[in-house]
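Structures incoming, each one as structure tokens.
Consider the two complexes below, in which chain A is the common component and chain B and chain C are the respective partners.
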Partner chain A sequence: MTPRTVPAPAEATRRRTPPVAAGAVRRAVPVAAAVVLLVCVPLGRYAAPHPPERTVAAPWAPPGGEHLLGTDALGRDVLSRVLAGGTHLLTVSLLTAAAAVVCGTALGLTAGWTGGRTAHAVRALCDLLLAVPALVLALVLAVALPGTTAVVVAAVLSGAPLTARIVTAQCAHLRDSGHVLAAVERGERTSAVLVHEVMPALRRLVAADAGLRLVTALQIAAALAVLGLGPQPPTPDWALMLSENLPGAALNPMALLAPAIPLAGCAWMIAAAARAAARTPGETG
Partner chain B sequence: MTQPSFPHAPASRRSVLTALAALAVLPLSACSSSDGSAASAESPASAAPADGGTLRYAATGSPATASDDPHGGLGNESDILRFALVYDVLTLPGEDGGTRPRLATSWKPNETLDRWTFTLRKDARFTDGTRVRAADVLYSLRRIADKAAENYGRLADFDLDRSTAPDEHTVVLATRTPMADAPRALESVSFVVPEGTEDFSRAVPGSGPYKVEGTSSRTSVLTRNDDWWGKRPHLDRIEIQAVADPQARANAVTSGQADIAGSVSPAAVKSAGTSARTQVVRREGVTEYPFVMRLDTEPFDDPRVREAFRLAADRKALVDTVYLGYGRIANDLPTPYDPSTPKDLPQRTRDVEKARRLLAEAGHEDGLSVTLHTTTSYPGMDTAATLYAQQLADIGVEAEVKVEPADTYWTAVYAKKAFYTGYYGGISFTDLTRVGLLSDSPTNETAWRSDTFDDGFDRAMATADDTERQALLAGIQKELWEDGGYVVWGTGDGLDLAAPGVRGLPDGPGFQRMFIDQVWLDR
Partner chain C sequence: MILRLVVRTAALAVAATAVVFAATELLPGDAGQLRTPGRASAQDIARERERLGLDRPAAVRYLDWLYGVVRGDLGRSLSGGRPVAALFAERLPATAVLAAAALAVTALLTAAALGVTYLRGGRGGSAATGLAAVPQPVHAAVLGVVFAGLLGWLPAVSLLPPGASPLTEPEVLVLPALTLALPSAAFATALLRGALGDALRRPHVTDARLRGLPAPLVLRRHVLPFLYVPALQVTALLAGGLVAGTALVETVFGYPGTGQLLVSAVAVRDVPVVQAAALLPAVVLLLGMLTADLAAHRAASAPRVTKGAVTAVPRNVGGGL
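Showing the complex of A and B:
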């Protein structure tokens, strides 16, 4: 480091503050939006104008009048069902994503730090798990397990290896970096080094990865619910609504579109939040 | 014939995915339907049938389960349609619930009704020129009986080893017990092939109104058999397309790719059938999703609980929702369209107060929890269960609906679980009784065991006089109405969509709709 590259503190502040703030805002907005969404979805049920599980009108009534989005196969209010229908999907996905990230990170740190045979074994295990498509895994598991359990297990088994892979690579790289070597030289315990030196450096990477795991879990949970392996009728559920309302798509298209939009919207917002979280401060775009 | 008169085409997960893939185009068809009034199939637009033309029929069927064997499981309507046009059958269902002659011109039982003499027509020939003989008929019937495991014991009540062919044009069929409705049991499915035929992978000569020009797993092309003995068919050719998805069949007609779509859903009819470009054929009493309660399992072993469950059903709401009004309410008799149905029973209606009182008397005043199984094999089965669960909640019963996978439902749930959604597709009362209501029936799904019912049925089957026999059958159904394990809330119409010019489509019961040899095109 030559003195030339280190600007005077005052000058640095003047020149760099605006981009940093803008970048922070750009990062914070998608993340905050995603968090608000995750909080709001379970509350949607209380905003429903009609009881989401009861028949209130003729089946397949088109949008308008008392029923803003029309009614579904059983004459239930589509708007109420959409408002109430995201909780199960998001809960399952969040749980799954958290489990996948925790397992994957633990595996990745172990492999990346120890290297050698352990790393080899972990990599082989990950490759094996990644070779099986998640949806196939979920369908096979659903034969023996309840639908929701199958979704969680399949998404964890197919998500954790992906997290483990990138964490292994980064951890192996960090092991040789200056501040980690210094900590090791100081004689700190391995666990302390991992927690205080390695993990903070992996924070962004893991946050971004968690978003992707969440999107994948959402997709698997939705797919299995469409196939009837998730929540059972009369539970309102966005994915289940897709299969329930397919026969009447021509009579009330909103019965099909209305749950599809928040389903896709949630996935999109979470992905956007993950992308934002991955950006380093100062990096724009 | 256990559950349906032909077994479910399972709505597999794959077909759900296919349906999802088709989703993008669906809203378009919504825009195209106008409010023109639907023409009826029988409307006599012009008096004299016109000859000629090709009819394209999109029938239920999946290429994966296609079969060339007319004596097997008959799982695909597309196959049955082909068999009905290519082979002759002994008898046909008549318009009035009676039996019409086809290859058999007349029949006569002995005194004890366990030996039936059928006289065959003398002018029937197979397409290879040989005459249709009694030996061919007997061979075909025996082959059907031998394949009992595949076809749910379709002819199990006949003793074909003791049946004989005394001359070229007479068969004498023995039955295991007195069987007054033997000609009816032979309706539609007694396809006759030349004696000795075992290999159906190559073209087999038939003696029906059409002959096969070419087949693939998805499409069969039939041309008129000009040597057929019957009234000359009008159409030159009939193309049968096997299409598994009901929405795709309906779309084929609205888009002009087919002239008839067999067995479409009420929603498809409602969205496409109001267009001036289609006509709707309604066949009454074709589908039925009864709720089945097992009498040997708690809480349904208590007649008061069964009565309460029947009183909980809002029949009109179920028909309006499940069949979108294309159906009629029923009175807890599993075959309301059968000629033997008693006419003097009061219609059971919803009575929440009485139902609650009965449940309390049965010791369930604090509520009752049950699981109601259902599936998606047939459109609306899941809807029916979900709506009925709402109605049960009103009498204090908490019914948890469990939607089971369609591909395992008929082996894991049907006739096994205590409370589930059943399916009947136009089965006759006597057939239903033999398979499911006698003490020793193979699939007694309600565990209905009654000596008076069994004796009454035996007595009816030994009664030659038709009116007297129907009265006896009506009598035993009253017991079923009072005490049985069925909640039969309604029947749905069989619905076909047809292009405007199609005339003379059959709208009778059962497989009668497959015999389309007198259909013509009014262009």
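Showing the complex of A and C:
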């Protein structure tokens, strides 16, 4: 469609709106795919044809024959290592994202509901934590903490403020909406109002945000693993495999591509699920 | 208002130094313990700590360090004992060239992607958000396989001979700069696409079209002014992220810059170097933010542009470390 023929906004919205059921299915697909993936990755270890940490053939054997994806620098089976290598990354990322979302939502609800000085304090805290890029914070923390702990702490410290910001804005907005005011006038306790009136309205926003926090956590965890601050060799790990196998890019490219594809696929699917969750029903965007 | 923005940035810069200092303070066995051999007596450790000034309270050491940073004295490296400032001066040009190259490539790719979005009437697919979500090591690996492995065009390792500059050996820049630029461009596209869509849907744009103005004129006069401030904000975010990302990219490709310095200092727990190397991306990020805020302020006070042009860009895209 060329820009010159863009229809008026109202008409455009009406024409692009699919039937509700189709929209719901469309939104459910990426979310379901992401969930299936998160369940399957930990089970991969049991499907590995060879022990992932043992040398089983010559180094840098090309794909084919007994070793479907070839072998790496130490002659370990690439397929087995890929099947076994996603659990640590995904577990760390999931835990981190959950912690960041819980902390951020709690902060955001407090600030958005109370307003005034509390909101100012929370905003200042968020600005402070966001002044240092997440990857750098993780590296600085890795001086003192074990790599995995550094990833978790850094991703929570730099993820929670982003969640808190959007929840604060939305919560402050909701505080003046009819159903919340009605609940307050009925004399319900603040906690009850927050849980039963405010939280359900924030559900979609927080779900989409959780996906983004998950993506960021995955990126930081992968980066630190590549820098040698995550799982230590010979543990099979997708990100670690990327740095281990870079010297063999010309000898067995599959040793690099095989872990890159599931890692990229996970990130891509989580991002797609977050986008789908953010979409309001009926909108295709 | 301008003064307030500057003061706020200065306060955040001080806050960033506090965050960095506090993070390295977590070190359970401090440097005194680490710098002495495993079987050193308690006395030796105490003497080493005294020599390094670690026996003073944390607050005093922080203020002392901060005073040094302000004067440009970043302390001495624990391994080798060279002044940290000198270590930086050696490596900063290489990182500056890499970051500038990456930013330029990012700008080109983003402009191209936004052009496609514009031709599609302001709607975008999922490629940008997906690509921005993919971890940077994956970009590095795939680019390495394609350009160094399969095609054999570029060196997989970007080592620079001593004394050489990346400007005289531009081929070492390609893989690191592309690795930094690909996710950044995707991130920028995903953030700016919304602003572009909003601008295209504004009534005055429809009106301009219906008046029969040629499309390039509508674009230049009625759409692009709305993208100016968001683009600056995204650039600020990206600049900080790019400098942070050099830590990964320089280490993976063996490019001798400050990012590599940070990672190697983390590995040997060289605290003064880590502190200085961590401040660099934070300062770049804050200065970029200040520039963007000042531009937004100017745009808001200019009579010609309506208030809607100065909406903040939401950071609702995964990525952009």
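Definition applied: the second predicted complex is superposed on the first by the 266 of 285 C-alpha atoms of A that agree within 3 Å, B and C clash if a C-alpha of one lies under 4 Å from a C-alpha of the other, contacts with A are read in each partner's own complex, and residues count from 1 in each chain.
Following the convention adopted for this analysis, a residue touches a chain if its C-beta (ideal position, glycine included) is under 8 Å from a C-beta of that chain, and two chains touch if they have at least 3 such contacts.
Just so it is clear, the model here is predicted, and its values are computed rather than measured.
*Asks:* Once the structures are superposed on A, label A:A73 by its partner contacts, choosing first (chain B), second (chain C), both or neither.
*Replies:* first
*Asks:* I'd like to know which partner A:D127 touches here: chain B for first, chain C for second, both or neither.
*Replies:* second
*Asks:* Which holds for A:A222: it touches chain B only (first), chain C only (second), both, or neither?
*Replies:* Second partner only, chain C.
*Asks:* For A:Q232 in the superposed arrangement: first (chain B), second (chain C), both or neither?
*Replies:* The first partner, chain B, only.
*Asks:* Tell me which partner A:A58 touches in the superposition: chain B (first), chain C (second), both or neither.
*Replies:* Once the two structures are laid over each other on A, A:A58 reaches chain B alone.
*Asks:* Of the two partner chains, chain B (first) and chain C (second), which one does A:L135 touch, if any: first, second, both, or neither?
*Replies:* It touches chain C, and chain B stays clear.
*Asks:* What is the contact status of A:L246 with respect to chain B (first) and chain C (second): first, second, both, or neither?
*Replies:* A:L246 contacts both chain B and chain C.
*Asks:* According to the contact criterion defined above, which of chain B and chain C contacts more residues of chain A?
*Replies:* Greater contact footprint in residues on chain A: C.
*Asks:* Can A:P42 be said to touch chain B (first), chain C (second), both, or neither?
*Replies:* After superposing on A, A:P42 lies clear of both chain B and chain C.
*Asks:* Residue overlap on chain A between the chain B contact set and the chain C contact set?
*Replies:* After superposing on chain A, chain A residues 139, 226-228, 242-243, 246-247, 249-250, 253, 256 contact both chain B and chain C.
*Asks:* Would you mind writing out the residues of chain A in touch with chain B in their complex?
*Replies:* 53-55, 58-60, 73-75, 139, 226-228, 232-234, 242-244, 246-251, 253, 256
*Asks:* Show which residues of chain B lie in contact with chain A when the two form their complex.
*Replies:* For chain B paired with chain A, touching residues are 13, 16, 19-20, 23, 26-27, 29-30, 33, 247, 265, 267-268, 270-272, 317, 320-321, 324, 376, 379, 382-383, 385-387, 389-390, 400-403, 405.
*Asks:* Going by the contact rule at the top, pick out the chain A residues touching chain C in the complex.
*Replies:* Per the stated touch rule, the residues are 1-4, 6, 8-9, 127-129, 131-137, 139-145, 162, 166, 208-209, 211-216, 218-220, 222-223, 225-229, 239, 242-243, 245-247, 249-250, 253, 256-257, 259-260, 263-264, 267-268, 270-272, 274-275, 278, 285.
*Asks:* Which residues of chain C touch chain A once you look at their complex with the stated criterion?
*Replies:* Going through chain C, the ones touching chain A are 12-13, 15-16, 19-20, 23-28, 118-123, 126, 129-130, 132-138, 140-142, 144-145, 148-150, 152, 156, 200-201, 206, 209, 215, 218, 240-241, 243-245, 247-248, 251-252, 262-263, 266-267, 269, 271, 274-275, 278, 281-282, 285-286, 314-319, 321.
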